[in-house]
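The structures considered in this document are given below.
Below are two complexes that have chain A in common, paired first with chain B and then with chain C.
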Partner chain A sequence: MIAYVRNIQDACASIFDGMAVTFSHLFRRPITVQYPDRIPRRIQETLPDRTRGHLEVDLDICISCRACEKACPIECIVIEDVRIPKDSVAGVDGKETARVKEPTRFDINLYKCMYCGLCVEPCPTGAIRFTKEFEGATDDLSRLHLRFVTPERREVVLRKGEGYEREQAEKARKKAEAAAKPEGGKQVDPPAAGEESKEGDKE
Partner chain B sequence: MQQLLDRFIESRGWTGDWAIELVYFLGMLFFAVALLLVVVTPFTGIVSWAERRIAARMQSRVGPNRVGPQGILQWAADGLKCILKEDLIPEDADRILFTAAPYLVFCGLFGAFAVLPFSEHLVIADLDAGAFYVMAITSLVPLGIIMSGWASNNKWSLLGGMRSAAQIISYEIPAALSLLAVVLAAGTLSLQGIIRAQGWSPADWFLFRNPFLFTGFFYFFVANLAEGNRTPFDLPEAESELVAGYSTEYSGMRFAFFMLAEWANLYVVASVVNVAFLGGWNVPPIAEGVVLTILQMVVFAAKSLVLVFVIIWVRWTLPRLRVDQMMLLCWKYLVPLSFLNVLGTAVWMMIVPEGSAAGRVASWLLVLVGLSLSGLFGLRVRKNLKDADVGRLYLNPFS
Partner chain C sequence: MKALRTEDMTLNMGPHHPSTHGVLRFILTSDGEVVHSCRPDVGYLHRSIEKIGEIMTYIGFMPYTDRVDYVCAMNANWGYALAVEKLAKIEVPRRAEFLRAIVGELNRISSHLVALGTMAMDLGAITPFPWALRERERVNDLFEEICGARLTHNYVWIGGVAFDAPDGWLEKVRRFIDSFEKMIPEFNRLITGNKIFHERLVGVGVIDRKTALAYGISGPNLRASGVDWDIRRDIPYGIYPELAFDIPIGGDALGCIDDGYARFVIRVREMEESLKIVRQCLDRFPHEEKEHRTRIRKVKPPVGSVYVASEAPRGELGFFIVSNGTEKAERMRIRTGSFTAMSVVEKIAPGLMVADLVALIASLDVVAPEIDR
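The block that comes next holds the complex of A and B.
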């Protein structure tokens, strides 16, 4: 009998408490973020710094080392490049890195990408990185096939490549001349071989 | 209503019984259909919207707020969607029973609107056995639910239907017994008579008439929740166990009928509790004529809507009972206690005659008890808000 009454008492007390909890929630601000339209700022601006959004490449500091291409487990990155006259670029951390190649093509297939971040890790200059952009919905898949090297940029890079070839040809010619003077017509082959390898690079 | 029709017949100079009968019949039919179409259906829709908004706020969400101002037309969009959906009938289903079941559920609940008053004179039919009629006509609902469960030829549906039957048969007893105590106090089964036996001040309500009726209010409320398959007694459609219970196989408009009935039931339960315990449309004698009728409608609707809110609130607070707990609550607690109630009310009426000084004192004491319970509740809510460190209260009911 005592247990019976205590059951009733417990039920009433717990319902009373529970109702008070839910009622108190009526006076609290909802925490819903009404994406995409009823928000004060674009949602991208409010995301945390390490957000893995779409990938982005800063071609001005890319040294075309192909570390990202090798790291990608699903091969959604495709790079083609040419040798250029050696210079150096400052990475995102300010460290100077030597650059001997520049991409003539740098494609990322975002519809294959799984946002694992393995390409971002090995990049020596920080050229490839995540943005906070994530709204990739589209009715045209080719829009997700990002081509970072524009045709104009490709022209510029190719011209740089030609400059490198001329430089190399010049060097080889000088070397050959220098070699020809003391020994005379012995080394004719190396410049030709050099030409061939450069043509391979260009393609 | 009757006077209106009489005047109409006189003005036309019609004679003969058949013409009068026909006018009565058509007039009543027109009024009933107009009531269902114009008042009840939008009401159930708006209640469904309100329920979703209130539930959302209780869970720190926003709820539907895009269709129309603050999402108030969400129900219309949902209804339209249901009409456009394909009306599927499973191949092995019993076609006749399957198609008939939603309408039976719908009729059972909307039939109850025939005796529910809106004001002193605005009522479709003031039956002498109104309370009995409400209990009887809403019993069509489990019939429809079992029918849909059986005809679907689906184990989830059947289980849902059986549970519903068990539940409603069990809870009919405490509900009827609690209503019986009210009938004892009022001396009539007519819903209008029950309201007239109460007064406008809370002390005149049956809720505070005597301690037995005070507890009887809670038994009646809980039993009605269970009869209406509302949480915490929504075992027939327990989605974690039975998919959607008896309505698993239904789609399109047939499914919408079940939903419509569910929310119409909210208002039926609220108004019956209102009539039996909260004084219905009783207002202080400060107006007459049309103003009085409007005032009564407002008071009745306000009380009913507060109860609708409480039902919604209970739904989003309490978890679902287990089947055995549901039966335990009914047979071990509600049934004996409501028997005690009937007995207690009868004895109280013998010892303390109606309108005596002792009765008035007891009523006002009970009002005090009710007020102090509300006060305690307010303190409890304040403590919760303080514990949660809410800071400034967010009182905007929208957004």
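The block that comes next holds the complex of A and C.
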């Protein structure tokens, strides 16, 4: 009988002990915030720098090496590109990287993306990177299919590609002319021939 | 007086039931409140992760290990990285080993917090759950800062870790463990010492040493049954051999053994031990070493196979990889603690009340995606 009463007493005591802990929370600073409104700043601004939100691509420094496309485990990145006359771009770390291709299509399917970060890591120029934007809820899936190359940009890149084609045709024509020329002619114009073969090796 | 004729009733518990952690189904036959048999029906969360491991490159499979057990993604990453590193003989810089141990133990704390909180909630105590999740959020904040994600971290990579600790991160970890240390006694006051909670768990779901070993139970559930076995100490990996920590096991020292309460208390004690480990890692952190990753573009292990087990919060998490010498695995097999823990339910459940079955499942700390993979 005594044990029975003591049991009830213990139960009550431990309830009040637990309640004391709960009660003490009334006087602590709350850690919850009222998302998404009623906060002084947008939540995106308060996130740490490494936050893996939506992906974005800086096409001005993209060299279309397709390292991201290969690294992606779920193939959510689709790239199409053309050869352009060789130039160079400065990556985010300031390092110059040669560019021989430029994308005419760079799509990221954010609804397939699992935000793992494997595509960001191998990028030589830092063109593909995470933003802090994460609010992707939408009633229209196509909004999550990001097409970074705009039609206007595509036109510009295609014209560059045509320039490259003309360059190549010009080189091929010169080479053919050089080959057609007699022995003496070849000695006049060796550097062009050498450059041509180098280009050929790269391809 | 003639005895009342009673009949067994088949009861379907789940797949969507508030007390099954994830999508789990149990087919019970019960006579009134007493369970006569209980058959766990697993597979509702099967995503064929093992098969995906065979069509992905070794590096590309890493994000999927997050999804094997999302409550302790760091430990799953780590377990996989260990297996591939052993297979392909990749060295890991010392700085990375420390970072791995820190995030691994922090993830153990956050995983145990989920386990303890949900366990209390399954038994009707609502307050400990937000309490535990509040503390877990602080761990998630730390993880978000170091790797950018709160749940599927993909932080431990083959050959090291993805990022070095940002400036001031280690101090933040120290501040967290200092404040969390004071929170554990509060948690004990809130729920562990509660008489009603005690009554609900003591002597419920008893798994004795022999059964635990026979069913291959591992991790805290095994240690609660009094078996002194912890992979961190017994098959050491990472920097664990250099660290001093106790392994709480059920018995006199803990004050309880075999039952649901022992499984609860052992997790509280393990959080304390994890704090010890993190503190040692912070004290000995190799600031002078700068490299946090061996840079690798391709992983092409030689032909062969490897099994590496690691101690995840839910028990032994082992990766068995058969390599055929290419960039993709020939066979990928994942051994998880929740699966074996689930199998023992069938043995233990007969004779329990339905409400106690809930306590048993909660105390085993199963996570449905880890059972099915």
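Keep this in mind: the second predicted complex is superposed on the first by the 158 of 203 C-alpha atoms of A that agree within 3 Å, B and C clash if a C-alpha of one lies under 4 Å from a C-alpha of the other, contacts with A are read in each partner's own complex, and residues count from 1 in each chain.
The rule is short, and it goes like this: a contact is a pair of C-beta atoms (placed from the backbone, for glycine too) under 8 Å apart; a residue touches a chain by one contact, two chains touch by 3 or more.
What you see is a predicted model; the values in this text were computed from it and never measured.
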First (chain B), second (chain C), both or neither touched by A:Ile39: neither
Which superposed partner A:Leu26 touches (first chain B, second chain C, both, neither): first
Touching partner for A:Ala180 - first (chain B), second (chain C), both, neither: neither
Which of chain B and chain C A:Pro48 touches, first, second, both or neither: second
Most chain A residues touched (candidates chain B, chain C): C
Which superposed partner A:Asp17 touches (first chain B, second chain C, both, neither): both
Which superposed partner A:Met114 touches (first chain B, second chain C, both, neither): second
Set of chain A residues, in rising order, touched by both chain B and chain C: 7, 15, 17-18, 20-22, 31
Parts of chain B lying in touch with chain A, wherever the complex brings them together: 54, 56-62, 313-314, 316-318, 332-333, 376-377, 380-381, 383-385, 388, 390, 393-395, 399
Chain A to chain C touching residues, read off their complex: 7, 10-11, 13-15, 17-18, 20-22, 31, 47-52, 71-73, 114-118, 121-122, 130
Sites on chain A touched by chain B in the complex: 4, 7-8, 15-32, 34
For the chain C and chain A complex, residues of the former touching the latter: 56-57, 59-64, 66, 127, 134, 137, 144-149, 152, 154, 162-163, 166, 186, 189-191, 193-196, 198-199, 297
